[in-house]
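In the two assemblies presented below, subunit A is common to both, partnered first by subunit B and then by subunit C.
On to the complex of A and B.
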């Protein structure tokens, strides 16, 4: 067997291999890498999602899949922005990853296809809840005011998910890492923990539509909610008791929510995997 | 400790003998014998015929295995057999044989999950400690990772197994089933050059293959490529359906595809799906090792693609050759012996077999 080699990420696609300051890598998943870069002015931050080409795949198949997926994500984002759903705005994209008039190298997607989006300031909901849970554990109890604050926060999560579904899009991977709390007043998010209170004001923005699809089916919506519920159960055990507030916020956000919530009960009963017995 | 393993969940009958030295050194394979029921081209193996094959060969194979291992019956500690999953009739005939040996020799029985057998054998042969496992065969397609005493299934097929998809396409093309339909497809695919467009069906961590099979069967019919090779010497004039999708503009289809092109395209498409889901599982559990087991795991193109993916993640791929990849008796002996050492026994009363037996149903007591 070949010895494990150190991994060097492939170079960024043009024009991002040439920007100052260079984009900084934030996360790396199986499918894409996320960078922070700038757009138009050096002080306007933007999020860059690069889908590198997969060298194991046949080049034609690779181009087809990358194109399909990046366009799918872009279409969902464009639609959601149009419908006024809190998601990052789409700024630019290139599904070939070669830039216009690329003269060097004809091989498909050397740097990979990319998608440039609005930068959303704020903390991911996972971090907000973790901080809050730490605080609660330190104090040993939840005061009435605190409880109302977290309940309100959960309802706003439900509202955002409801707005997404109302627009006819399902997320496909709803976890607390894919929700960002955009603070009401900018620049307050980082400095919160010292004054012994976690800021939960602001708008809940949905991110990462890599697995999103256009669907208005109750089943798909219910699966979205179920995934979110499971994410709460596994990562935020202390907040799980307030998950009903998410559903409450969801219910009041659009008309067809009631049938989706009914379907959620079926999905819960079924679980993700059917048993193979019988 | 010495275990004899009997495997017969599909068309291979395998008998293997495994030795785990008492001093804890590396386990040794004392015998690994297999006999395959091969059906004529264009046909699959039927359960009743396969079961008959197993019944008529099992005694011969056990005798031969003992002779090869230079053992007498007294040396054997336990008899391991495949409890499931697999085809009912072949499983039954082997379970009967195992029970008979148990009563005849006065040895205890250990029922083994076939999938766990593959995983344990792969781990033993390749020496990989905690890999993400891709188990691909004629009956199973699963992406598995170990976590707290279970082999957990991260992704799997939603309909037919990947090997079944390949085998059935081999039937469409009347490719020989000897030594294995998948092997012959692999050889033919090496001559293919053009990629025809096929559905690509990854749903989250899961895959679906039945639609791809229907699509490529349809293409074979459209181009008159099905049936025996000599019959298609003068193919009927057809309108190329693939061009209608506009793929021609991208240079994907230039001329009428050949049988080799179809095999090539089928492999490229379905293996890409497998590698993609495996990569997701690796990213999820934070592992860099991959272990490929099961009959389709012998495919060198799959190993190559997986190798490229693993390399880019800073890891490596472990695969075995046909002796251990394809169903065999030693893998049952290996997994059975591991369980036997932890005190696991299958009493005669419970020595049944079952067509459906989930990988994550097995409590893996022998790992931390």
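On to the complex of A and C.
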């Protein structure tokens, strides 16, 4: 048996096997790998999402699912950019992946669809809130000014989710890890709070549309909000009391928000699994 | 003086640089178009009406889409250069894409693209050929020059982005720069999604 070697990530699909410098792997999920790379010039950063083929699936089914899912995500992103919703723009896409162009339909099974997106600078909201909670614990109290800053931040989260829903898209996995606070002035994001404050200025950008769908139904919208509410409750217990501000920001952002919020009350009672009607 | 710029796109093989030249006040567009129609191999370029191009990124996005389809053996048209013109299109109609984005007899601002798909195609060989074939004034291929050429309302129409920004009243301070950025990104999304069913 071979001795344990250093981990080498699976090969990148064409053309990113040419990319110089090579894309760096950021995270690996069950469905996709995320890399940081560049767009068409070396100075423009971009995010590359690769959906590798799954060898345990039948090749035809595998191609169909991969294609369907990457296209779903790409269509949502393109639509949201057109509607002016803060999301990473779709830059390039390949839903067939390498080897699929063969004469007999690519039985090689290499697969590997990819999607190139705009790079969003900033920290995920989860980290921003964790820093803020750490600060609150250290100081033992929340000043009025500090509370208003958090409330304003929460309202901006609600605004962004509202803009998403107004455009006719639901996210499907709204957590504080899928929201990025893009700082107003670039370069301030990475700086740890030094003056005893957590920077909360900037725009809340929604990311990871891997489970998103086009829908304008109150039920789907309410489930998005419910999932986000649960995420706040479980990961940021100190901020849970301010979640109402998210809903307030949401309510302000589009007309149909009121009925979605009404439906949220039902969803809270029964959980996100929809009732089996029809 | 040659106006030819040679660009290497980070994701393409280093042996595949992209040569781009912009000419203004082109006098011999009908001749160039005729070479294209007759299939003269010496004139195998992507000949693009520069008024349909918003920015460097817009052009490079189309080039990259064509190059990726080329590398994967999936060209829908004759060669990588015709595919670049086709790649600008939001629809699957090749002839239509040439009518909208390709050179016309009336074209005066012209973008030429040549990809080094064989080792014989070099910066010098392309520059020499352009110098003797194009009757026009070389101009720098930069966003400033392009923004003075591009016909934004025509581009919006072709990409069906006429309503862009109107559904976004929140941006009261929405400066022109932001609107152009949104248009560019919307166009890039349309190029990426062409042919998706």
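As a convention for this text, the second predicted complex is superposed on the first by the 249 of 278 C-alpha atoms of A that agree within 3 Å, B and C clash if a C-alpha of one lies under 4 Å from a C-alpha of the other, contacts with A are read in each partner's own complex, and residues count from 1 in each chain.
To be clear about the criterion, a contact is a pair of C-beta atoms (placed from the backbone, for glycine too) under 8 Å apart; a residue touches a chain by one contact, two chains touch by 3 or more.
This structure is a prediction, so every number in the text was calculated from the model and none was measured.
With both structures placed on the common chain, the touch criterion links A:30 to subunit B but leaves subunit C unconnected. Within the superposed three-chain model, A:92 lies in touch with subunit C and out of touch with subunit B [touch as defined at top].
Counting the residues of subunit A touched by each of subunit B and subunit C gives the higher count for C. Of the two partner chains placed by the overlay, only subunit C lies in contact with A:14; subunit B stays clear of it. By the touch criterion defined above, A:54 lies against subunit B but remains apart from subunit C after alignment on the C-alpha atoms of chain A. Of the two partner chains placed around the shared chain by superposition, subunit C is the only one that A:75 touches, whereas subunit B remains out of contact.
Of all residues in subunit C, only 9-14, 57, 60-61, 64-65, 67-68, 71-74, 161, 164-165, 167-168, 170-171, 182, 185-186, 188-190, 192-193, 196 touch subunit A in the complex they form. Within the complex formed with subunit B, the subunit A residues making contact are 1-7, 29-31, 54-58, 60-61, 63-65, 172, 211, 273, 275-278. On subunit A, the positions that touch subunit C within their shared complex are 14-16, 18-20, 37-42, 71, 74-75, 77-78, 81-84, 89-96, 98-102, 116, 118. Touching subunit A in their complex are the following residues of subunit B: 85, 126, 153, 195, 197, 200, 204, 250-252, 268-269, 272, 275-276, 279-280, 282-284, 288, 304-309, 311-318, 356-358.
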